[in-house]
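What follows is a set of structures to go through.
Below are two complexes that have chain A in common, paired first with chain B and then with chain C.
Right after this comes the complex of A and B.
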């Protein structure tokens, strides 16, 4: 029997001056989720992720990043969101790929994220690990800017293990 | 059956040496492109790198982040991934992934890459390298060239191109 698709688009949102967007009613039928966000910002500020609308101090993350001349690392504990941290380009589109492991399982949820935010002469590259201390299945994911608005696309994919 | 959204577009496995590998006539029917590469070259010790050239042209700018097991650093690389060189243990290849989003757009394209390059010892090229690179092109990407900074890819180097569709 032929195998079914293992990497499927769940939803795509076109952002046009948006400060927040939500992927809702996420089916629990995949193994992992991957969000791809390609955007420009009016202010250059970062955005953050929240799951299931949780605004409590349930999140933590550690980021490793480079700006072309120095490497640095930072972290935040008991935060109210997972900050993608790199900022967003104002002229050139920045790209973010966020992998959410075992999102439908009953363990706390781990996130791996990468940011490509080269601004043609400056910018940031980073890798981030995040944790949402919640054992509920993730059924919605919200991205929100810290300031300004975003224009571009945000797509959520589901990945199925064999 | 659902429409496939993560599709193998092309594959190149070298049976000899090559200074670069091209993917031409890339279909414009996907949203993003992903290159997975397993690479080794014939150059000697030194900081050899590989670069993905959109439409076979140099990108404009890149930020790099590296860790080699003892220190982390960041540079404005002229290249992207690292590559196993001829001083590495036989049959050892570096593994790289290059993600190019919205490649059909006619605006600058951002590429995110990660390379792991391990040789059971510390050299200038071993460790992990992550990069963000941008081109200044205002046309869709229809071809890709994966090139060495020095030397040639050797036999057994592999390059897979995937297309990812968001609908």
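Right after this comes the complex of A and C.
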């Protein structure tokens, strides 16, 4: 059995009216990464992830969501980012957790993401799978809003395997 | 590296900072960090359909499997990954799932099955190269000697619409057996698990 902690915080940042933030110089010593974002938005718009500063058409994603009355699914191919695909609360915080699997491995990078955005009568719950078609190790992660700014916290965790 | 050393540099649009001590900042749904332990990691051989965790220690409350997988089966359609416990291949399992394929959401279930099925949950060799299925599987109260065992899984395949096979799935499963779990088999329904397949087993302690 592995000794010591296997689920470790790597970095956290307080977002105060931020439209973009970056975790950089991520060490390659973990197996998976988990980004947790708890925020409110000035406009209610979604945000997206990019890796290693890549702004090319290297991303795709598929989402499954429920909006309180129906379940649906949508997707995007050859996109310039992985859209977290949920609005963000303007009054109450929304929560997003993104698992970046085998981020330092030699395959394309798959992420699993969860969104919880409840607005007392409306809102979204979703699950999302995303792909970055690149076999390089992820060393930086950038979150960017589609509009407006975010206030709250963003934390990056690392998980080690035996 | 000290746990209290900064490990990554943080920037945002309004500030650029390096955070040195953030251990007091815990979020919901994150286990206490010392209670989450790595138990074992297993990789595919390319010559077997199965990856197994055996002799699982019982000093935990819950188990979690995290991993990526790919079948070497030659097909442009998805296959499924099966879960079995304690080498039980009897009809003692059930499962149901909610699935999104990028166009519609659908649901399906199975009863008195011989495994918990992660349907449309394993990418195959003829599909987008270097691309893996991803898995988060929680096995709750895994060591109880009085309860059947409940599983939840969050799985995904994203292949940039190359074979119209991207899937996002949440699955609930049941093993109708009250024995403590001592071994877990992850089985490709079709084709061997590739050498790029990796599963890691974690244990979560209770107070």
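Convention: the second predicted complex is superposed on the first by the 160 of 162 C-alpha atoms of A that agree within 3 Å, B and C clash if a C-alpha of one lies under 4 Å from a C-alpha of the other, contacts with A are read in each partner's own complex, and residues count from 1 in each chain.
Methods note: a residue touches a chain if its C-beta (ideal position, glycine included) is under 8 Å from a C-beta of that chain, and two chains touch if they have at least 3 such contacts.
Here the structure is a predicted model, which means the values were calculated and not measured.
Novice: Clash or fit: chain B and chain C on chain A?
Specialist: In the arrangement built by aligning on chain A, the partners chain C and chain B clash.
Novice: Just checking: does A:161 make contact with chain B only, chain C only, both, or neither of them? Give me first, second, both or neither.
Specialist: Second partner only.
Novice: One more residue to check, A:138. First (chain B), second (chain C), both or neither?
Specialist: In the superposition, A:138 touches no partner, neither chain B nor chain C.
Novice: More residues of chain A are touched by which chain, chain B or chain C?
Specialist: The larger set of chain A residues in touch belongs to C.
Novice: Touch test for A:9: chain B only (first), chain C only (second), both, or neither?
Specialist: The answer is both, since A:9 touches chain B and chain C.
Novice: Look at A:97 in the shared chain and tell me whether it touches chain B only, chain C only, both, or neither; answer first, second, both or neither.
Specialist: Touch partners of A:97: chain B and chain C.
Novice: Go through the superposed model and pick first if A:68 touches only chain B, second if only chain C, both, or neither.
Specialist: A:68 contacts chain B only, not chain C.
Novice: Scan A:119 for contacts with chain B and chain C and give back first, second, both or neither.
Specialist: After superposing on A, A:119 lies in contact with chain B but is clear of chain C.
Novice: Does chain B (first) or chain C (second) touch A:19, or do both, or does neither?
Specialist: Touch partner of A:19: chain C, not chain B.
Novice: Classify the contacts of A:84 with the two partner chains as first (chain B alone), second (chain C alone), both, or neither.
Specialist: Once the two structures are laid over each other on A, A:84 reaches no partner at all.
Novice: When you line up both complexes on chain A, which piece of chain C, out of 7-15, 25-33 or 115-123, runs into chain B?
Specialist: 25-33
Novice: Do chain B and chain C touch any of the same residues on chain A, and if so, which?
Specialist: Overlap of chain B and chain C footprints on chain A: residues 2, 5-9, 12, 36, 38, 64-65, 71, 73, 95, 97, 114, 127, 153, 155, 157.
Novice: What residues of chain A sit close enough to touch chain B in their complex?
Specialist: Against chain B, the touching part of chain A is residues 2, 4-9, 12, 36, 38, 64-71, 73, 89, 92-95, 97, 114-121, 123-127, 153, 155, 157.
Novice: So in the complex, which bits of chain A are touching chain C?
Specialist: 1-2, 5-13, 15-27, 31-32, 36, 38, 60-65, 71-75, 77-78, 95, 97, 99, 101-102, 105-108, 110-112, 114, 127-131, 133, 135, 149, 153, 155-162
Novice: Within their complex, state which residues of chain B touch chain A.
Specialist: For this pair, the touching residues of chain B are 1-6, 31-32, 60-67, 72-76, 99, 101-102, 105, 107-112, 114, 130-134, 136, 164-167.
Novice: Under the definition above, what is the set of chain C residues touching chain A in their complex?
Specialist: Where chain C meets chain A, its residues are 1, 3, 6-15, 17, 19, 22-23, 25, 27-31, 33-34, 36-41, 57, 66-68, 98-105, 128, 130-134, 136, 154-161, 166-170, 196, 198, 200, 202.
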